[in-house]
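Each of the two complexes below includes chain A, the first together with chain B, the second together with chain C.
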Partner chain A sequence: MSGISENWLNLVLLVLLASGLSIVYSSRVEKALNWWTVQTVAVSLLILAQGIYQNELEVIFVGILLLIGKAGVIPILLRRVLKESKTEWVGEIYLKRASSLVVAGGLTIIAYDVTKPLMALPQSGFRNGLAVAIALIFFGLLLMMIRKVAIVQVLGILLIDNGIFLAGFFLTQGMPLLVEMGSMFDILVGIVIIVILSKQMLENYDSLNVDHMRSLKG
Partner chain B sequence: MDELLMILTRLLMGIGHLALILIAAPLLQGFIKKSKAFWQMRQGPSILQPYRDLSKLLKKEELISEHASWLFLLTPRIALAATLMAGLVIPNAWGWAPLSGWGDLFLFGASLGLVRLFLTLSGLEGAGTFGGMGSSRELFLGLLTEPGLLLGLIVLAFITATTSLQGIITGLQSVSPIFIPRLLAIVTLGMVSIAEMGRIPMDNPDTHLELTMIHEGMLLEYSGLSLALLSFSEQIKQLLLILLLAQIVWPSGLISSSVGFLGMFGALCFAGVKVAVLGFFYATVESLFVKRRLFRVPHFLATSTATAVLALVSLWIIRGQI
Partner chain C sequence: MLNKESQFVRQLFMSLSFVLAGAGLVWGFVTIQGGNWINTGLRFFTSAGAGLSFSWKLDGLTVFFLFILLLGQGFSSLYSIGYLKEYEEKKKSLWPFYANWFLFLGSMFGVLLADDGFSFLFTWEMMSLFSFFLVLYENEDRQNRNSAYIYLVMTHVGTVFLTAATLFLYTKTGSFAFEVWAGAAPTLTAIQLNLLFIAFFIGLGTKAGFVPFHIWLPYAHSAAPSPVSSLMSGVMVNVALYLFLRLVWLTLGPGPIWWGWLFLLVGALSAIVGILSASVQSDLKKLLAYSTIENVGILGMALGSALLARSWNNVWAMDLALVAFFWHTLQHMLFKSSLFMGAGNIIQATHTRNLDRLGGLLKRMPKTGLGALIGILGITALPPLGGFWGELILFQSLWMNTLNLTNGWGKVILPLAIGVLALVGGLAMATFVKWFGISFLGQARSQMAERAKEVHPVQYITPFLVSSLAVLSVLWPAATLGLINLPLSVLRTGESLGIESVIGKPLIMSSIYLIILCLLTVVVVILSKRGVRRVTATWNCGGPLTSSMQYTATGLTKPIRILFSKVLGSQRNVERDFAGTRYSLRSLRYEGRIKEVYEDIFYRPSIRGLLWLASQIRKLQEGSIHLYLGYLLITVIVVLIVGR
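And then the complex of A and B:
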C-alpha cells in the first residue's frame, strides 16, 4: 500500500480531525454544516488520491461517487431544511461549547489509546488514520448526546458515517465497490427520511428542537 | 595574528548585521503602510515616510513630566538596546546570526520580555490614566502571547534538535514543508506575531482612541528623542518577527552555497522578497478584519497556544518520542 507519502496523509488527517473538532465547537448550525462538507471533501480526495496512485478504477469511482453523493447532495438537502426552519442555535443544553471541546479532546486521546494494539499496520500513518477515524465516531456520538437541534444530531450521524468509512478504508485498504455503494445509498436514504421528518416537525412545532417531541405523550 | 583577524571579521559582520536591521526596519513599516493604503484604495504615504518621521522626531524638543523619575528616560534606551539584542540571534538573509549558541531562543524571548517590563513601568511613570491602562493591558496580552511564542519555537527546536535559531533555520531546510508539527508551529507563530506587533485583531497601531489603545497608551507621555527611540524599537521588533517567520516558512541559509558578491546580493534580494510578501500578508489581514474587543483577545491567543500544544502532541505521535 505504498502511494500517498506519509506527510500528505498526515496533512489530510489533520484536516479531518480539525474539522471534526470544529463541528463540535461551532456556534451556528450553518458553520457546522460547512465544516462537515469540508471534511467529506477531504475524505473523498483521500480516496481519489489513493485510487489514482494505485491505478484502481473501482477506488476512483467510489471517490467520485462520494464527492457527488455525500459532499454535494446531502449539504444541499440539509441547507434547504435549515433555511425553512430559520434555526441558528446549535442547541447546547447539557454541555457548553468550550467544555464539549475539552471532552472531544479527551475522546481523541482515548481513540489513540484504543488503537494502540494496531500499531503494526503496514504504514505507520495508517495507525494515525484509524485513530482519527475512531475519534470521529466518538465525536458523532458526543454530538448526538449533547445537542438538542435535529439537524445537529443528523450531523452527528454523518460524522459517525465518515468515521466508519475511514476506519473501513484504513483497515481493509479498499472495500468492495458493492459494499461501499450499499453503505452510501443507506446513508443517503436515511438523510432523505430525516429531512422529510424534520419538515414534519417544522409543520407541527415550528421548531427543530427535539424536546418538543416529548410533549406528544401528554 | 590570525585569531585577531577572525575576531575582527566577526565583529565587522556583526555590525553589518545590526546596520542592515536598523536600515530595513523603517522601510518595512513604510511598505506595510503602503500596502494597507492599497487595500483602502488610497495613494498613501511614501515608503520613505517612517524615516522622515523619525528624523523629525529627533529634532523636536523633549518634554518630561515633573513627576517622572530616571526610569522614564532610561526606558527608551533600554527598549532599543534590548530589541537589538534580540536582533543578534535572528538569522539574517544569509542564515547567519552573530550570536548562535545554546539557548538562543530563550534569549530572544527574554529580550522581548525586558522591553515589555520597562515599557509597562514607564507607562505608569507619567501618572497619566491612559498610561496605566495601557500598561495593564500590555501585561495582560504579554501573559497570553509569551507561552505561544516560546512553545512554538520550542516545537521547532524539538524538530531540529537544537535551541539556536541559526541551527533551527539550517535544520529546517531538510524538513518537508508539509510536516504537520512544522505547519502547526508556523500557524502559532503567525498568530502570536500579530499580537506581538500590535496589529489589528489585537491592537490598532494607528489610533490614539483612549478606549482601544494598548501599545500607544504607554507611549502617550513621550515626545521628541525618546518617542523616536521607542517607535524605532517597535519597528525593529516588527522586522525581527517577520524576518524570523519568513526564515521559518522558507528557510534559506545561504552561508555556504552563496559565494561571491552576486550570490550574496541574490540571497539578500530573496530575503527581502520573503519579508515583503509576509508584510503584505499582514497588511491584508489588517485590512480584512476589525479590532476585537479586549475580552475576546484571550480566545485568539488561547487558540494559538493550543495549536502549539497540538504541534507538540503531533510531533510525539509521528515520531513515537520527542
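And then the complex of A and C:
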C-alpha cells in the first residue's frame, strides 16, 4: 500500500504523543492550548499527506477543513475566553504535574497493550498509530479528571476527539467525507456551546473552576 | 352540627360490613352441614391448569379461620359505627378509612382462600399495605407516622423471605400451586427443606409477632384506630398463624424434629418477653399489643408441641396441642377484641392513652368497665372462661409429650415449657390487674379522666356481645369443639376420629364449671348484701385525699421490673434534693427507663451497618465532576482490557 513512508509516519506519531504528554504536563492553560494546536496541525498534516500520496481529493479536503476549522477557529475562541477570565494556571487536583506525567506514561503502555489484538493492520506504522490514538483518548480523560479549570476540560475533550479521529483514520484508511465533516462540525458546535457556558460560569462564579459546580448538587 | 350525610354514609358502610359478616357466618353454617369438601377442599373461581392465574380453595382449616375473620369483621364493624363518630366531629375525612377497611378485610379473605403461591403473595402484600394505611389513618401525630413506618419496613423484610421461598419452590416445581409443592416437598434435600422452613418462619413470624421479629407490633397495633387494632390483634395475627399450618404443616410436610423445638422455644420466648414488656408498659394500648405477643407466643408453643408430637407419632398429644391451638385462637380473638374496644372507649372519653392520667373510670363509665372486666377474666386464663381451658389443654399436651419420651433433653425442656406457661399466666394476672386497676379504680389522676363520660351505646354493647359469645363458647362446648373439628380433620392424617375421642369428657364439663361458678357468685353476692354495711369516707391519715396517694402505673409493677431487670434492661435514676437534713426532701425526681432489648441487640446494629454501607457507597457519588470523569476513564480502560 502506498502512503507516506514509515519514517515520516513515526515522526508524526512522535509529535502527536509528545504533544499529548506535554498537554498533560503543562501547568499553564495557554501552553496546553498551544500544544494542542501543534497536535491538531500535525494531525491535519498527516491527513493531507495521506491524501496527496493517494491522490484522493476527499481526504485532502478533510485535511484542509481540519487545518482551518479545528486548528484555526477553536484555539482563537478558547484564547478569547482565557483572556476574559484571566485564567493562568490549570488548577491541579489529585495529581501534580510530575505524577500526572507518570500516570500518562502508564496509560500509554496500557494503550499499547490493549491494541495488541489489532496488530494485524497492513502497515506497521499504523499499529503504532492506533496505540497512540487510544493513548490520546486516555490522556484526554485523565486531563479532565485531574484538572479544575473548565478550559482544560475542554482541552481534554478536544484531545479525546483527536484520538478518536486518529483511531478512525488508522482503522479505515480515511472515513467518508460526510462522517468526517459531521464529526468536525459536531465538535465545533460543542466548543461554541462550551465557550458560551464558560462565560455564564464566569459571570456566576468569577472563575472557571468546576469545583464551584458542586454547589449545584441537589 | 354533625353532617347528616356523612353520618348516613358511616352508618351505611359499617352496617354493610357488619351485615356481610353475619351473612357470611350464616352461609358458612348452612354449607358446613352438607358435603365432604371439608377434607378434600372446594375449589372455585379457578381455571384448572392455568399457570399464572389466581386460584382459591376452601377446606376445613380455611373455614375455621374464615369463622374467626367473619366474627372479627362483624364485631369491629359494629363497634366502628360508634367509634368513627369522633372523626366525624373532628371533620376528618372518613373515605380513606372506609376504602382501606374494606380492602384490608378483602385481602385477608384472599390470603385465607389462596391456593397457590402467587395469589397468596399478592393478597399478602395487599393485606400488609392496607393495614399500613389504616395504621396511618391518624397521621396528624408524628409518633403514629413513625409507628406505621416501622411496620411497613418490618413487614417488607418479612415479605422478602416469603417471596424468596415462593420463587424457589416455583423454580423447583414449575408451578405455584400448594398441592404441587406438597407433592414435591419429599424430593427436596434436607438443606433446601430447612432453608425453606426458615424463610417461611421469618416471613410469617414477622407478621405473627414472634420474638425477635415483634418490634413493630406494639407500635403499629397501638397507633391504629381501635377497631383496626382489634382487627389486627385479633385476626391478622391469626392469618399469619394459619399460614404456618397451611405452608409448613400441610405443604412442607413432616419435617425434622427441630422445627417443633424452634416453635416451642420461640413461642416460650415470645410469651415471656411479651408479657414482661406488657407488665411494665403504661400505655393503654401498647400494653394490650404486648399481650398479643404473649398470646401469639402461647399459640406458637401449641404449634411447637403439635409438631413435636407429630414427629414422635404421638397422636394423642398432637390432637391435644391442636385443639389447644384452635381453642386459644378463638378465645384470644374474642377477648383481645373486646379489650381493644374497651381501650378505645377510654381513649375517646379521656383523650389519653397514658395509664398514669386515668383512674376512677368505673364510676363514670360503668358499662365499659364491665365489658373490660369480662375480657380480662378471659385473657388472664381465669378458670370459668375460655382462656383457661385452652391453656389447660396445652399443659396436657406438653405433659403427654413428656410422658412419651424415655429420656434425653426433651424430657427436661418440655416440663420447663409448662413452667414458662405457668409463669406467663401469673404475670398476665399482674399485668391486667394493673391495666384495669389503674384505669378504672381509685381516683382520677387527671382532669380528663375526671370529666370522662360514657361513650356511644354501640361501643359498650359490642364488647358485651363479644363477651357473651365467649361465655357461650364455654357454656356450649360441643358447638365450639364441632367448629374445631373442621380444621382438625384436615390436619390429622389417617383416621379422622371425632374430637370427643381426643379430649373425652373434661372439656364438655367446662360448661358445668361455669354454671357452678356463676351460681356461687350469685350466692356470695346475695349473702354479702345481707351483712351489716357501714359507709364512711376512706381513711386518709387525716390529710386531704388526693390522687397522688394511689399507686402509679409504674409503681404497681415495680417488683416485676426489679425482679426481671436483667431481661427488661430496666434502669432507674433518682435525683434527690435535700432540704438541710437527710430527713426532709425539697424535691424528688424519679426516672425509670425500659431498654428495648431486642432493638438494641438485633436491630440497631444492623441498621447502623446498613447506614455505614450506604455512606460508603455514597462516597462514590459525591457530585464531583472529576470523580465521575475518573469513573469514565477507568471504565474505558477496563472495557478495552476485557474486550480485547
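Keep this in mind: the second predicted complex is superposed on the first by the 214 of 218 C-alpha atoms of A that agree within 3 Å, B and C clash if a C-alpha of one lies under 4 Å from a C-alpha of the other, contacts with A are read in each partner's own complex, and residues count from 1 in each chain.
FYI, a contact is a pair of C-beta atoms (placed from the backbone, for glycine too) under 8 Å apart; a residue touches a chain by one contact, two chains touch by 3 or more.
These figures come from a predicted structure and were not determined experimentally.
For the composite obtained by overlaying on chain A, chain B and chain C can both be accommodated side by side without a clash.
Of the two partner chains, chain C is the only one touched by A:Leu141; chain B is not. By the touch criterion stated above, A:Asn128 is placed in contact with chain B alone, chain C being left untouched. Contacts of A:Tyr112 after superposition: chain B is touched, whereas chain C is not reached. When chain B and chain C are set side by side, the one touching more residues of chain A is C. In the superposed model, A:Leu11 lies in contact with chain B only, and not with chain C. With chain A fitted onto itself, chain B and chain C come no nearer than 20 Å, counting C-alpha atoms only. Taken together, the chain B residues at the contact with chain A in this complex read 176, 178-180, 183-184, 314, 317-318.
In the complex of the two chains, the chain A residues touching chain B come out as 7-8, 10-11, 14, 112, 128. By the touch criterion given at the top, residues 93-94, 107, 110, 113-117, 134, 137-138, 141-142, 144-146, 148, 153, 210-211, 213-214, 217 of chain A touch chain C in their complex. Chain contact summary for the complex, chain C toward chain A: residues 623-627, 629-630, 632-633, 636-637, 640-641, 644.
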